[in-house]
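Read through the structures below before going on.
Both of the next two complexes hold subunit A, though its partner changes from subunit B to subunit C.
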Partner chain A sequence: MRRRQIKILEEKFFVFLSAFMTYSLIVVLAFIILVIFVKGFNALNLDMILKTPEGGYYYGGEGGVLNAIMGSLYIAFGATLIAIFIGMPAALYINVQLIRYRRTQNTIRFFLDALWGIPSIVYGAFGFTLMLFFGMNASLLAGTITVALLISPIMVRTFDEVLSTIPKGLHEATLALGFTRTETAFKVMLKQGFSGFITAILLSFGRGIGDAASVLFTAGYTDNIPVNLDEPAATLPLAIFFQLGSPIPEVRERAFASAVILTVIILIISLGARYLSKRYSRTNLK
Partner chain B sequence: MITSLVTILSLPLIIGVGLYLKAAPIFDQQSFYSLIFSSQWAPSKGEFGFWPFITGSLYVTLLSFLFTLPVCLLAAIYLTQFSSKKLIKVMHPVIDVLAGLPSVIYGVWGILIIVPFVSDYIAPIFNATSSGYSVLSGGIVLSIMCIPYVLNMLIEVFNTVPVGLREASLSLGATQWESAKHVVIRGNYPGIISAYGLGIAKAFGETIAVMMVVGNVVKVSFNPLEAAYPLPALIANNYGEMLSIPMYDAALMFAAFLLLVIILMFNMIFRYLIHKTKRQ
Partner chain C sequence: MFIAEENTIPASTGFSDSPENLAKHIVRIKHLNVHAGEHHILKNVDLEIPRNKITVLLGPSGCGKTTLLKCMNKLTDLYRELEVSGNIFIEKDDILNTTTNIASIRQKMGLLSQRPYPLPVSIYKNVSYGLKLKGVRDRKLIDFSVEKHLREVGLWEEVKNRLNAPATSLSIGQQQRLCLARGLAVKPSIILADEPTSALDPISSKIIENLFKDLKKHYTIILVTHVLRQAIRLADHAIFMIDGEIIEQGDPEELFKNPQTEGLRAYLVDGN
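Up next is the complex of A and B:
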């Protein structure tokens, strides 16, 4: 009888504890977002979003972080574009040309996953050596290329994950109808996996816009919005980081406001990815 | 199509070689052994001992691992074994958003909440004074960053357990928790270890968030309330001056190379284990 009681007690305790851990994750997320929003709301105004830093900005003067917002968007857009050109064909290749070679597919996936794990600071350092090698300065171009390298594996693996769920029968049917493999890849697989493609793009974009360590060496920092590829570009994460290091309270407040801007962008992207992937997978053949 | 695939797959090799070539000059000046195990850090005198940074990194990572361990394991069990379908639907976006928040946001949050918490509440418990910028703060912030990452993998691993096995265990009179303990956990050791291994690798390379809360002081200390200086933070903090001091850039590239090799190794080993368990 006693053993039974202990058993039930153990059951209750651990079910409660594990439920507690799970719910606490929701609480932590809400807490993080709440803290960022409450702290940043004071300093957040239209000037923050619509103006570049003016004279004396870093001593509490007028201005905003438009330079960083635009810089981040430029870099993330450019990098995502490059990553699409590298990543999309690579993912299609794995799932069309290599469809008969399971072992090779798995090995490639294994390497891509390992690649995903390389920290962004290493990409940053590598981008820096590359930059010196080509005799470039810290610039929009260097930053974009570094971020593109960082997000390419993410792009391939996310897209690939969706492509691999497409039924084999569809693939065989297209081949039976006389399609070449390339046609199958771009006309059928791309269409069927379009939801995955969108998710992959948004995920990579979100990662690209939020990453600080890779652009730290390569994109530089400036108060202007870059108009040329060889000009340095400010980025939002770095703007937060630098402003937070300031001893002046007003500037620190603005770091919190910039954090709100970045959080909102990330939330829009990640919820948008969810919505779009649902919407585009509705018309898929099952 | 194949060119783009080959480009991506050869990336780690290119990065490795590139960083190694940049780091190579430092080997002429100092032996590999003294680079890693010496605590003498004086770039202007040409002394580069990475020991304080390596221990700092290891220590922060270890602490974050200790916090991640119970939370992830229990939450993953709850989500795959006990919870309702509805909660799983809610948790998916929660985990995704947590994983998607940029590290600089975690850093800001750490400075706002964790750092004062450590200096005002945790330190007095041990009769110590601490600025709050400490290994402990770094560990807490890191663990929250790693939780969604590890949790996702654990859920994936636990979902591979056949339902029949669990039902068999329940029908023999085991409670829910007992069958989770004996069937889900015991049967999945390789998967669980790999998920945590990958979490550790991620924590080891995390830069900005840690750098913002960990204090960045060069010393070897095992007091979690004191500041430390992890390897990635070292690279990130000194990129500006590294070209003005001779050999400094080679030393920092060596640090990046070290990070790359360690993390790639971790990833290879544990990814391999995960791929193996998935195929079974």
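Up next is the complex of A and C:
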């Protein structure tokens, strides 16, 4: 009888604990967003997203952060695109072509995990070195390449995780039908792993658009919207960073408004990705 | 070249390569050994599979039945730890020592596994993919063939109005029949079925069993099953294995009524 009661108590305690942790996390997240919104609310207006900084913007003058919004979008989209072209074949290669070589698979995964863990400032420094080596200036191109390097391991590993959960039976069934490995990879695994693929893109994009350290030396900063790859580009994280450092309260408020913009962009991308992944995983083996 | 290859086959198997024997047996396996490191999974397996018959493969769990099937369509290639040696003749071609393209070897054999693995596409595409792989492009021909094979497995009436629905929306029993139709569409001559009814309800199992009885007119079926009664109902030829070795094989009536070995006797007693 007592044992039973202890068991019930134990069960209650752990249910409470997990629920508590889950909801605390949500509360903290909501709190962060709330603070940003409240602090940035006064500065939030259409000018912020429709205008580039005008004269005296950084002293509280007219204008907005369109330069940084566009720069960030260019860099994040460009880098994500590059990372897809690197990451998708790489993840498929690990899971399809290397299926017989478990040790090689694990070694590759180990290195990718290590790359994932390297702080982005190191990527920034590496991108900077690379940039100097090729005689480039801080530019859209250099920033994009650096961010692509930063997010490629994330892309590969996230997608790889999804592919590795695909049942071996499906793999065998496809080969038994006479698919080659490449056909298996692109016609079946990619389809079966599509929602995971979207998640991988989303994670990479989110990391790419939000990272400040990797673009600090490589993308530069400008008040203009870049039109060429070799022009410097402003980014939202750096815009937040510079504005937050200002002694003028209005400008600091704008930093929070910029943070709101960055958050909303990420939110929109997340929702879009979720919708896509729902839509295209309809046919998937559960 | 051909003669040299023939010479590598040990004469001791007693299997004949005469035209009569070739006509009778579609698969002939000689001295097949499979190792996984120290573990000797299949030990000197010699067997012949009669054409257009149902051969039932029986044996306790872990005796190597699945491995034997996987050797036949070379899915053992997926596992580097498995070392396969010996000869597996499908018709005249020794698939373990051949230059024939592996995809076309596999297409000679339809695989039905324990649980169905439909492709992550629509019902229609599940069947049409195989045809496309074989280079069929004619839309009408594909439509025709999809219908034909879905009818062949008795699924057509149930799915004809939802061909574009995801294959995963079907019940498990229907999915299994879809996988069979998908396999038949690539025109195999052999069907490898590894406990195809073990995840199915009695009615779906019955449907699959009856299908097999029909299909053997055109296909050779190799069936692994743990259901003794199913084996008795279906088998034209039976093979009993223990621990990677073939203990008895032959006419199922004989085998089940008069087991010659203690192993089979014990298996039959436990199975009933």
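We adopt the following convention: the second predicted complex is superposed on the first by the 242 of 286 C-alpha atoms of A that agree within 3 Å, B and C clash if a C-alpha of one lies under 4 Å from a C-alpha of the other, contacts with A are read in each partner's own complex, and residues count from 1 in each chain.
The definition used in the following text is that a residue touches a chain if its C-beta (ideal position, glycine included) is under 8 Å from a C-beta of that chain, and two chains touch if they have at least 3 such contacts.
Keep in mind the model is a prediction, meaning the values are calculated, not measured.
Contacts of A:Ile99 after superposition on the shared chain: subunit C is touched, whereas subunit B is not. In the superposition on chain A, A:Leu29 makes contact with subunit B only, not with subunit C. Contact with subunit B, but none with subunit C, is seen for A:Ala259 once the two complexes are overlaid on the shared chain. In the superposition on chain A, contact is made by A:Lys191 with subunit C only, not with subunit B.
Contacts of A:Val156 after superposition: subunit B is touched, whereas subunit C is not reached.
In the superposition on chain A, A:Leu170 makes contact with subunit C only, not with subunit B. In the superposed pair of complexes, A:Ser246 makes contact with neither subunit B nor subunit C. In the superposition on chain A, A:Asn224 makes contact with neither subunit B nor subunit C.
Contact residues on subunit A toward subunit C in their complex (touch as defined above): 99-102, 167-180, 183, 187-188, 191-192, 282-286.
Partner subunit A is touched in their complex by these residues of subunit B: 1-2, 4-5, 7-9, 11-12, 15, 18-19, 21-22, 70-71, 74-75, 77-79, 82-83, 87, 90-91, 93-98, 100-109, 111-113, 144, 147-148, 151, 175-178, 180, 198, 201-202, 204-208, 212, 232, 235-236, 239, 252-253, 256, 259-260, 263-264, 266-268, 271-272, 275, 279. Residues of subunit A touching subunit B in their complex: 7-8, 10-11, 14-15, 17-19, 21-22, 24-26, 28-29, 31-32, 35-36, 39, 85-87, 89-90, 92-94, 97, 106, 108-115, 117-126, 128-130, 133, 149, 152-153, 156, 182, 185, 203, 206-207, 209-213, 216-217, 237, 240-241, 244, 255-256, 259, 262-263, 266-267, 269-271, 274. Interface residues of subunit C, counted against subunit A in their complex, comprise 73, 75, 77-80, 103-104, 106-107, 109-111, 113-115, 117-122, 129-130, 133-134, 166-168, 179, 182-183, 186.
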